[in-house]
Amino acid sequence: MNWFDSWALTLVVFIPAIGAVILMLIPREQEDAIKEVTLFTTLATLGFTIGTLIKFDYGRTSTLQFSVDKNWIDVINSHYHVAVDGISLPMLALSSFITVLCVIYSWNHFPEPHNPKAFLILLLILEVGMNGTFVAQDLILFFIFFEIVLLPMFFMIGVWGGPNREYASIKFFLFTLFGSALMLLSFLALYFKVDVPGVGHTFDMVLLSKAAGAGLVHSTQLLIFGGLFIGFAIKVPMFPFHTWLPDAHTEAPTVGSVLLAAILLKLGTYGFIRIALPILPEAAKSWAPWIGLLSVIGIIYGALGCLAQTDMKRLIAFSSVAHMGFVMLGISTLTTFGINAAIFGMVAHGLITGMLFFIAGSVQHNYGTRELSRLGGLLKQAPKMGWILGFCAMASLGLPGLAGFWGEFPAVLSTFNPGGDLSQPLFRTYMVIAAIGTVLAAGYLLWMLQKVAFGTPKPEFADAHIHDVTTYEWTAWVPILLLIVALGIFPNIIFRVTDDAVACQTAAPFVSKTTVPISPSVKCPASPLAAQTTAKVSGR
Amino acid sequence: MLSAATVHIATPAFDWHAFAPDLVLVATMVVVLVADLLLPDRESWRTSSIAAVGLLGALVPIATLVHSGHDRNLFNGAYVVDHYALALKAFFIIATYITVLLSVDYIREGDYYKGEFYFLLLVSTFGMSIMASSRDLISLFVALETISIPTFVLATFRKHDRASNEAGVKYYLIGVLSSALMLYGMSLIYGVTGATKLSDIAAYMSQHGTVPLVAVAMFLSLVGFAFKVSAVPFHFWAPDTYEGAPTPVTAFLSVASKAGGFVALINIVYFGFFLPNGRAADSWWPVLWVLAALSMTLGNLVALRQTNIVRMLAYSSVAQGGFMLVPFAAAGIAGADGHPGKAAAAMSAVVIYLLIYGAMNLGAFAVVIAVARRTRSAEISSYDGLWEIAPGLAVVMGIFLASLAGVPFFAGWFAKFVMFRAIIDAGTGWAIALGIIAAVNSVIAFFYYARPIRAMIFHAPTTEDRTPIVIPQPLFAAIALTVSVVVVVGIYPQVFARVGELAF
Amino acid sequence: MLLNEFLILAAFLFCTGVYGVLARKHAVLVLMSIELMLAGVNINLVAFGAFHNSDIGQVFALFVLTIAAAEVGIGLAIVLLIYRNLHSADLDDVDSLKG
Amino acid sequence: MIAENVVFGIIAAAMALGAIGVVRTKNVVHAALYLVVVLAGGAAQFILLGQEFVAWVQVLVYIGAVIVLFLFGIMLTRAPMHPKDSLDNDLRWPAAVTSLFLVGILVGLLVHTFHADKVDVQRPVRTADVTSSIFTTYIVPFEVVGVLLLGALIGAVVLARKD
Amino acid sequence: MFFLDQAWLVPLIPAISFVVILLFGKRMPRQGSEVGVVAVGASFLLSCGAVVRWILRVHDAEGGSALGAFGRSIGRIGADHAEVPVLPVLHHVTWFQNGGVRLTAGIQIDGLAVVMMFVVTLISLLVHVYSLEYMRGDRRFTYFYAALSLFTASMLLLVVADNTLQLLVGWELVGVCSFMLIGHWWEEKPNSDAALKAFLTTRTGDIGLLTGVIMTFFIVQRATGVGSFNIVALNQAVSDPSSKVGHTLILWCAAALMLAIVGKSGQFPLHTWLPDAMAGPTPVSALIHAATMVVAGVYLGARVYPVFFHGFSIGDGGVNPMAAIGGITVIVGALLAFVQDDIKKVLAYSTISQLGYMVMALGVGAWTAAVFHLFTHAFFKADLFLGAGSVSHSGSHHSFDMKTDMGGLKKYMPQTYKTFVIGTLALAGIFPLAGFWSKDEILVNAGHNNYKLFLVIGLVGAFMTAAYMTRCVYLTFHGEYRGGHEPHAIPHVDEAEHDPIDTPASVEHDAEVHPPHESNRLLTGPLWVLSFFAVFAGFLNFPHFSRFEKWFQPRYPAGFAEILHPVAFNPILATVSVLIAGAGIGIASAYYLGKLPQGLSERNAIARAGKRFLVNKYYLDYVYENVIVAGIKGPISTGVYWFNQNVIDNVLNYTGRGAQALGRATYEYVDQKGVDGLVNGIATLTGESGGEVRKIQTGRLQFYALVLVAAVVIFAGVLWIST
């Protein structure tokens, strides 16, 4: 255990916090210094993330690495336990990566009322929460980080947001708070009700996963899962808990929207994969058809919502509902295949929708409006931006060869043969609905593209001076665009990281006995506890 | 008739060490009074320093008592100095100390009796200190009155202000009515059990079980404390009194005095009515369940509609009181289920909640006082754009409100957490139901905690005056102290968790 | 003698006091009603003391008496203050804080 | 035994009437006098119960001090001696109903619990025991009451003082 | 075996070219077009190499050296060719791993693939060259070439794919390229509308592809235990009679993939996007919407043919969805072609009709015939499109309206005219041009496999094809030139109006400056190349020579061997079909010429008749209108057209509009008023109840006391009762 192994994750989480403290000490007037410090902080964080990526042992992605486990709150037996495995690694990388780009983008894009100091402090605190959530291996720690992101985002929307920002910010906050209150109840119930063999009551996610709900009667499992479900589903957001999302996105400043779409929504799906499924597998089996149902409803519903929008950002926001529907559909199949797809979908959606929000922000910046009826001819006035928009629309609609496809297709594929002895006809119906959803996705995205980019500019903007993509924008965007292509062509970049981890940590309890699994055999690291529980699960 | 002069009164063995904190407080009272007499009128605010020093001085024997480590049972267990009592004594003293810090400039700049103010504060604190150790109905009653009677006066301290008068009379009358009801209940308990010492009462009940009269008597004897913690429906005085009383007094009422009530509740419920065999719990947990649910819900709902921040905080404190009552119900449920261990854990949850609540609520009031120095108003609208004028105050206020709302990394989350933990631990359907009510309420609570935050940060200032708000040093110290507690405990809750754990 | 004779008398006094507290307009009368309640409590305590043949009832009653006196003192002071400021000691007039 | 019961009955009746008088009279001074009746009756009952010390304290503290205090209060607040309108507020009926319910519940419970319990009035409690208790077991509350009284005194002074 | 083993280079080179053009094209002397031409040229050479190597491989398998084999096989014309297995060249690498399954990317090079590679690269190369002139001065010249490169790469990726997933990738990418190129002039809304329509319609078909591909994965999983998208494995899995794969699954898979074919290959009823797609530049129409992309559906059908064969139970002579849809499309497309005034739309409907032939061929079990027709059709249809482009470029001021802007162009554009007529004759199936052989093979097989109905349909289609093409040729090249009188007064959104920037090229194109003239070599060169193939490609499957069949028909035991039984040439049927086609030409000519007894032209009767028309322009128009309206075809075609535009097309359009309306309604009523309304309602209700509860706090002290005591009473009462 060398220095790096034991400190890397802690640093990744808390360097932004240190940066935030430093920012507080810099006078508000020294904007350049503030920006530079922020950039340096996020870069340092990214540096450590990259270090983690490099030193990560890809041969055993299903094992937790860089693990640190210290006592934190003794009375409740809660630990400061951080670690990454193949499931969290991509998310952690995404989070620290996008944050850097957001800082770069916002360099001279600070929305009113300006005040970079406050804005960047919030951004850094947000990063603490995001990174922390993805590395936490203790339910309480997870909960804390999960909640930390609320306040900065609340202020970002509320202070730097659009005209209806107060409503949106409160709505965002209350929804999430409501979910997390129930989630906390469920965590506590897990603590008290699950008796991990040889350990007793614990908040440790790893141990709880190994126990896999041992000693819980089914109805209790269902209830606890219900609490977790609402908590995470609100964050995702799944239909019908999605209504905070369009408002929050529409009103949020660009960077806020980007982070919201790229990372914050992932906290919910990550929670499903990391917590809900492995810890309560039996309940997950009972819930999965309903989750699947809500997912496909979300896919269609989000698409229909998009078609009704007149505001570009709101449209993209609704598209998130649909896309996250695919992610959740993948999760609801309880198969390694589907959950891998979900993780891929999370990353892809993070990049693509994040990028779309960047563009929406720049469009707003240039035109002062996001009304689709007033826009047009972006390709004419700012061809590069127009093409990037087209590119992202294509990526978003799931064009093969770009990242979006690998989130959708395998998810849909896995619905053909769901795990955990779920009903095949039901999930195949979902498959068809989801496939129809892809057409609708193409419909609304291209419709948006047509409205915004094609045609000629409306008379009111005919003579407007429109900046094409600026240097800062290029710097922030190019990495995303490259990644979208790279992941599209080489999906294995992510799949190879997640595959074993998902198979061993999330999907293992759902391997079906009656149908042939997609995955023939996966070698998981042997743990006496795991073996014991697996035996128990399969013995049922 | 009373001529038996030869009666020999056995001098009880007196553990002076155990009483040292209380004695320091009494001594401070005396010094304050004398100093007030001696000091010229213009200098009499200096009594605050004496009070402050005395309060801090009282912490010294507490520290030595903690250090000495063993529990002290005096008078056959009627008066106990254990970790629980010491922790709460320390809490009361520190809370009062912060109240003194809040009061210094408020009292100095107003037309008040200065020495008397601090004297009365100290008397009340003394009552709390006694309360923490009392394990006897008579002591509890006396301590409760010692807490209350000075605060009746303090609430009325702005003598020429009609609102303050009204605050005083409402507080007084409801307080007296409640204590009469409580006394009636106590008299019945005494009548049935023949004892006033809580341990004897517990022993009697675990032998005989409860009869309807005892159930009603227990309930009646809770009324006085329910009034003190402003549990719905005994809360009516609170909003009016909080609004009318001088703000530092309000802070004191909402934290120290309320905590006194909770300590009394812990004493009577846990040491008196809580029985390991669970025979009595059945008859009182539903009461506390209902009180908790009502307090949370009603407090939150009404707080939604407040425009005055003090009044809002009053209702918030009603709701927070409801949250603090939740573990009582949990303890009762666990007790009735035959899990005394869970009940003890629930009680430690109350203690932890109290400590955290004290820090954040006092802090919030400190900011209210600081802002009111400038705006002379407690309307939420007067907070518009505070972020522009005084970003520091706005951030700090935001932290306190967020903490009250239970947002993590501010101490409030841990308070809520232990509360949820207690109720989930109890685990029955009723417990879960209460937990869900609490969860829903903790969300509703955010609605109104967010309103000042929105006003401060999202709204533009209404005044043109952008000069910075001057915060006097004591007030600054109070704010700094509370905010650091809120942040540190939020990140490392073990600090307070340990206290709560030690207490039970 | 039946214990209940005293207890019922006490209950009656107590409830009469309650009625007085709720229904009397003048503050001083309300304070008197409080004294009625406390008188009831005291009879209870003393009766129970006799019932148990212990001195605790009496001691308790003494404490109640003492503190009741202190309460009345404070109460009258507050009433006086209100009368000075409002020129009325009617509790119905004290209703400016509400909502 | 019968004699005691008769005495109790007479005193109790007087007390009850006095209590009703306190809450019904239209004259504030009369109310104070009715209260005297109740309190004096109470003292008598204490004696009847063999608890003499508390009885005399009752007489001294209440009738000697508190009632005087009330009379001062009445004077200072110029309470109406012959008011035109009622001294009651409009919550009279709900208050009456509530009180009746309360008394009903209490009496019912008492009867249910102590239905035939006898109290032995022939064994008076020795005052010495009382004092002994106060100064040993209850020394803490006793001392606290001292502080409390001081606080109440100063508090009352602060409030009542004209300035 | 370089050319076969390294066939992955074929799609890779244009892909690289795409990136290079995109990044550096603008800075190059010819704005990136040179890169595109060179890259596609290289791919073409590699493809040619692959074709040659493949042929040699076939003969190697039969033993003996290649040339010797060639000679021997000529010598053995008519001999029964024994089935010697020729294995496809398979290479793959791990693409990604998911769920423990290694999914691969790779190439499957066999006869079908090399044919397609050849066709795609050849036509792409020609279009690249053609566009150098045609698109010169276009405002997005560089971008155009980039898109062409990307298209070529994607199409080739689709072609070489060894698994259905990779095929899906290529499939979607060509769809996107089609979208980009149809909407090339996106400034005008109709163009972008058409692009959207094309993309969304094909995407609707892709529902089928998506689910179908998924099912292919599970078909293999059922059969082998490990899921895979591999095409060879798939074909084996469905063909193996002992496999565990249920017929239902295969049927569903076939149905799903059929939907994909319907969408992509413009089959009834999802064909309406194809005419609209003519909004794109003409070279694009030639490349994408005639020769290559639209046949991707047919290619898919051919690729996983065993799935359809077993799924739809082809070969037992019964009507199956594939044959039925193909047959309907043949007739519908042909009927619609009659009433078009836009030359490109005539060709588009013709394409639909011809694609119908191919699908129908697959549906009647004529695999080889379908692929062969795909092969030949690519040449003459590209020829026709490029010819139309040439006409519009040099003859009609960038208009495609035959009735207002063309006519009599024969004398101005002789080379275009000749190549166009060759293409027309090939398309009409006139002996001995390419179309004759391939169409004939379809008909023969349909008849042989007992699909008499489809034989009839094929003949009727052939008749109509000949007729509408004759009309087209007539209107375009004969008669009197009708353009030039009112240049630029045409409301038709055409390519002339696309360039708001006055480049020299667009000035040059002004009709008043330049009367109709022949196009330059960059345009006519490709036309002649294509004409060459249109004439000679058919001889590959000359009866009993049957090289096409021998070389390119799958000859490996992966499901094909037992189901492909192409039948021999049937001279009678061939005669009949030629006669029918000739009749079509004749009757059509009669409509235009027959009423004019005396010849007017020096050279031939048709032209003479045209001259006469020129003289009596108004009269002729009048007659023509009456002929169309009053004639036999008139009411039918017009009716079908009406049905097409108002019912089928509107179904599509209304589906779009309906989806949008549904979206609005969902958003408005369900989301905003329902779900969100509920949320806000709860919030409001909470606030309101706060307001109500607040009223208890009356400010009256004794009211507080009353409530307090009342609560005590209630509590006490309840406690008494409950204990």
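Descriptive notes on the structure:
A, B, C, D and E are the chain letters, set down in written order, and residue numbers restart from 1 in every chain.
The criterion applied here is as follows: a contact is a pair of C-beta atoms (placed from the backbone, for glycine too) under 8 Å apart; a residue touches a chain by one contact, two chains touch by 3 or more.
These numbers were taken from a predicted model, which means no experiment stands behind them.
Following the contact convention of this document, B, C is the list of chains adjacent to both chain D and chain E. Here the two chains linked by the largest count of contacting C-beta pairs are C-D. Think of the whole protein's Cα atoms as having one middle point; the chain whose own Cα middle lies nearest to it is A.
Taking the mean of C-alpha positions as each chain's centre, the chain lying farthest from the centre of chain E is D.
Centre-to-centre separation between chain C and chain E, using Cα means, comes to 97 Å. Centre-to-centre spacing of chain B and chain E amounts to 79 Å, using the average Cα coordinate of each chain. The centroid of the Cα atoms in chain A and the matching centroid in chain D are 70 Å apart.
Between the Cα centres of chain B and chain D there is a gap of 31 Å. Multi-chain contact residues of chain A (touching two or more other chains) are listed as 174. For chain E, residues that reach two or more other chains under the stated contact definition are 683, 694, 697, 699, 701-702, 705-706, 709, 712, 716, 720. Looking at chain B, residues 138, 141-142, 145, 149, 152-153, 156, 159, 168-170, 173, 177, 191, 211-212, 216, 239-240, 305, 447 sit in touch with two or more other chains. Every pair of chains that touch is listed here: A-B, A-E, B-C, B-D, B-E, C-D, C-E, D-E. Residues 694-695, 697-702, 705-706, 709 of chain E are the ones that touch chain C when the two sit in their complex. On the side of chain C, the complex with chain B involves touching residues 7, 14, 17, 21, 27, 30, 34, 37-38, 40-41, 44-45, 47-48, 51-52, 54, 56-57, 59-60, 63-64, 67, 70-71, 74-75, 77-79, 81-82, 85-86, 91, 94-99. For chain D in complex with chain C, the residues that touch the partner chain are 1, 4-5, 8, 12, 15-16, 19-20, 22-23, 28, 31-32, 35, 38-39, 42, 45-46, 49-51, 53-54, 57-58, 61-62, 65-66, 69-70, 72-74, 76-80, 86-89, 91-92, 94-96, 98-100, 102-103, 106-107, 110-111, 114-121, 123, 125-126, 129-130, 132-134, 138, 141, 145, 148-149, 152-153, 155-156, 159-160, 162.
For chain A in complex with chain E, the residues that touch the partner chain are 171, 174-175, 239-240, 242-244, 301, 303-309, 335-337, 340-341, 377, 379-380, 394, 399-401, 405-406, 409-410, 412-414, 416-417, 431-432, 435-436, 438-440, 442-444, 446-447, 450, 453-456, 490-492, 495-496, 499, 503, 507, 516-522.
Of all residues in chain C, only 18, 21-23, 30, 91-92, 94-99 touch chain E in the complex they form.
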